[in-house]
């Protein structure tokens, strides 16, 4: 009886396995536990594609440690509980690296499963410090840059390069990412105030708010319009906020996090100007690095469309730095790979240098390109690296 | 539309029985005990089968099912017995989930992630089963306090008021950064990947629901649901009995919250919001709102359906060809199937009936 | 000629049977009283004819057409107007709006006739005219009763079924209501189906009378002949065995 | 101060229109229509060509405004009526809880259908861009859209009132909202009235979608959800089935939200919604039947 039950049960379970691939010695397996459907799919897929491009490049160049990289996937359905299952699923299929969802909240369950199993995980583009040692654990990394770096960089750049003196902070309390941008801004602001800048006001809103009229009224009540508004928000509420700010006749420069990158939404605010976004590389074809243009072409060839935002790039970076660490360690064993990753200091990648330490598996500073949207046309107008990295206290706030 | 129809439930008892004394209730317990036993056996069978497959993702799927069983049974205790639709019970799940997080996360991590917690909680680190018990009690106490105020309401006003509670707790937990970590995921909760604790949790919930249903309070509440005037006339204090059910179900929801936290290892406020509210309510209504068996079977069937659809989405290989549904069809199919079930069986798959061994003859 | 006919009609609520196997028919222009004690199933029977309560068994025809499973609005459109018990006025509508609700079935063509009908209802119940623009919900119980009867008349029915017309009305108003109904019967050939708890009114007005008890018809005959006979007393209070 | 008033009115307008759409349907069939929010999203997504690209491909969105507005309203009305014919018609005799879950399931289907066609990435579209300009009024600089929102809402409310008070269909609808079976016994055709209610409700959803879409410039699959929730609450505290109550409560909720945003200290502002919901509970405790209780509406939940 027990044999039959076991047979039935195994049959049942194996239906779920796409390819019951066991980790053999001939290949290295990268598992994607990311959203292939649901709310996160639109964000995970581009980063996945970029990671795939890097994997294909490696395979074409002879593989990693002489082995071909094989890819397994599981859909998180943009659901946390499903995320844990997806993580377990790719681990069962022998993943040596687990790429998890772009967003920390949605990626954490799968990353935790990898951490538990002693396997290295990379968030494709999460920008929260918890996507690393401080949250998931010592085997977890992110391919992107911390959100506070974005807020701090934009404030410093606006003050130094654009001569902005009065600042206003508008925070969308929806996500940790938003709060992170403003945390970086909050850390930078006192330094700038010593040099003559001034924070003239602050307010909060919710991403889903149908109208931010009340918040706008408060800005308009100021004796004079602030030079710059630090807008810590993301899609879709961010577009709404920008549109309403401009519709109310507020023309201050608007400083953003990288979350507002992309030209796909610009039609919502016709002739938008004076709008600044930090990006790791430009999707607009004007990146100073010609290799970025090549990547953009490769991406278009693979997916049929241009990159939709800079969040394509960190997926590439994740596979890139991991594979370098594996190459140096000579193994995919987590401990050795992590040790190699933690030795990286300003490791050059296609999209800016990367540094990992035993305290931080994330970037506390980065070289950013600043994109300005002028009359609805985005383009790179500058480059900025923070005068000093954002300290741990500000990151952990 | 029609007058309240007499319940078909094996546990249904006319209002007059409420006043009956103890021996009668022992008889009632004997008569109805088969229902929770059968339901538990069903879950045990599922657990054993899962254990034998040894597949980790499938194991996690079944863990999820058991957590849902706990939650839906918790909903049943209040909604099924009182007939008042509550949109707010997931608030107690939220309380339970965070309480479990507070009690089990490594103190060093807690001190940095949730510095606003009181010192004695910061220093505490309990095993998961103790934290689950405390989480349930915590949620139960919260339900007692909130229920005191809310149980005066009935009908849709009560539904909305409970929803308002959910929205309030969600807003507070999403923004009280120092204590709840705000909207960010709280991590560091020990992850329990064996199936048995969840099985035990679900079975406890089932037996609690059964014990409440045959208690004096549960009987009175169901009598009041079916014949409000008669019950009020025979001295049933409806708000009080509702409160009892609210507290018991709040505690079970809290337990479910703790189980959720340990199954995934993270808690966030929006896990415990509208999505979970509607999926659990749907499972209850599809199974049969007025029946404990309906609650359990509704979860098992809908979960099985979801799983099958997911497998179909992932692709099934039949003789060399892989047939796969387009991504996203699973949710659409689920919605359509739910509508069809409800159209064919408006009072759910089981209606008011319970699963028993024998079709018992009705007392005349 | 038979206008309404019921064959073995039963009505159940869950496991409770309110009407069991009732058969009778109503001829055109007839006055038929359905009487019986509380809970005899009279109202359930009426609701079943009107189509708002589902028939568990049996068949109902109106004007030769099977209406057993017909929608209430279609039954109304065939000329069956029902005044249910409990004065179901539309409380937030004005008195005149209440009266107008049921006139839609005639289409817009007969505007003049609707005005005439309205005038005649106001004639019968002057108080309604006085309060025509007031909220119906604010009327007294008796006034609401007038309103629902007037509203049913506004639909210009061939058969009007009234559940307890005298409930809540002062005796002299009740008299007026009956006078008006009888006059309409003469003028237009209206058929009357009237539910009353006591047989007094039936005896006064005359016509045919059914007596229901326990969901069944126990007596059927001429109201005056049955009158105050012993049979009716016995049937009413259930002295006999059956 | 004037600015705050306008802010409150424009937000309240959205809630009031939403509440009206829900109250209308609740009135005629005791259905709490959870799919309403998804009808809102659908009616404006109909302006786009289905595509999973990040860039929105505008389809009907390029129509001139006098065609675009009716287009969206009609899409909303048609979808809503379709929901009634395909789904809700089978639930006429079901309990409110069953109907509610069915409506939720239906909303779920619509939402995931949109998700499949358009992905979850919000789509941007410049809807009625002329409305994005600020205007000067009584010394306050207001976005033209805010003004139009308020004016349009008032017009819709007036038109609807006229329709309900002055037309036969309106009369039948009001009668049916109050006592459905009695209205049927007076020959009011149930299906017509219910379909009428769904059509109006759907058109109102379209109106909300238009306002919302031109205000935010983004179309998001979830966009209807928050308005729908607030509208649902407004319907209840307004007195279920009472149309004026729903409108009043919608405006009150909008006002409460704006006033709290203005007067709460910055640290308490993120908790704004908790205060709003607290106020909702208080209102319900003191008047469980709602602010304006509809006479004769028997509750069946």
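The first chain written gets the first letter, and so on, giving A, B, C and D; residue counts start at 1 in each chain.
Assume a residue touches a chain if its C-beta (ideal position, glycine included) is under 8 Å from a C-beta of that chain, and two chains touch if they have at least 3 such contacts.
Chains and their UniProt names: A = ABC transporter substrate-binding protein; B, D = Branched-chain amino acid ABC transporter permease; C = ABC transporter ATP-binding protein.
In this text, all values refer to a predicted model and were calculated from it rather than measured experimentally.
Chemist: Listed by label, which chains are in contact with subunit A and with subunit D?
Modeler: Touching subunit A as well as subunit D, we find B.
Chemist: When the mean CA coordinate of each chain is compared with the mean CA coordinate of the whole protein, which chain is closest?
Modeler: D
Chemist: Once you find the CA centre of subunit A and the CA centre of subunit B, what distance in Å lies between them?
Modeler: So the centre of subunit A lies 36 Å away from the centre of subunit B.
Chemist: Just the number, please: Cα centre separation of subunit B and subunit D in whole Å.
Modeler: From the centre of subunit B to the centre of subunit D is 31 Å.
Chemist: How many angstrom between the C-alpha centroids of subunit D and subunit C?
Modeler: Their C-alpha centroids are separated by 41 Å.
Chemist: CA centre of subunit B versus CA centre of subunit C: separation in Å?
Modeler: Comparing mean C-alpha positions, subunit C is 50 Å from subunit B.
Chemist: Mark out which residues of subunit B touch at least two other chains, giving numbers and ranges.
Modeler: Where subunit B meets two or more other chains at a single residue, that happens at 174-175, 327-328.
Chemist: Quick one: which residues in subunit C touch 2 or more of the other chains?
Modeler: As it turns out, subunit C has no residue touching two or more other chains.
Chemist: Can you list every residue of subunit A that touches 2 or more other chains, as numbers and ranges?
Modeler: Residue numbers touching two or more other chains: 37-38, 41, 173.
Chemist: Can you tell me which positions in subunit A touch subunit D when the two form their complex?
Modeler: Of all residues in subunit A, those touching subunit D are 37-43, 78, 173, 202-206, 208-211, 213-215, 217-218, 220, 235-237, 239-240, 243-244, 246-249, 262-270, 305, 308-309.
Chemist: Okay, in this complex, where on subunit B does subunit D touch?
Modeler: So the residues of subunit B in touch with subunit D come to 1, 85, 149-150, 152-157, 159-161, 163-165, 167-168, 171-172, 174-175, 274, 278, 281-282, 285-286, 289, 326-329, 331-332, 334-336, 338-339, 342-343, 346-348.
Chemist: Across the complex, what residues on subunit D touch subunit A?
Modeler: 3-4, 6-7, 10-11, 14, 53-56, 58, 115, 119-126, 129, 131-134, 141-146, 212, 215-218, 220, 222-223, 225-227, 258, 261-262, 266, 269-270, 272-273
Chemist: Can you check the complex and tell me which residues of subunit A touch subunit B?
Modeler: Residues 2, 5-6, 8-10, 12-18, 36-38, 41, 74-75, 77, 80-81, 83-86, 88-89, 91-92, 104-105, 108-109, 112-113, 116, 128, 130, 134-136, 173-176, 179, 396 of subunit A touch subunit B in their complex.
Chemist: Spell out the residues on subunit D that touch subunit C in their complex, using ranges where they run on.
Modeler: Those in contact with subunit C are residues 168, 171-172, 174-175, 178-179, 181-190, 294-296.
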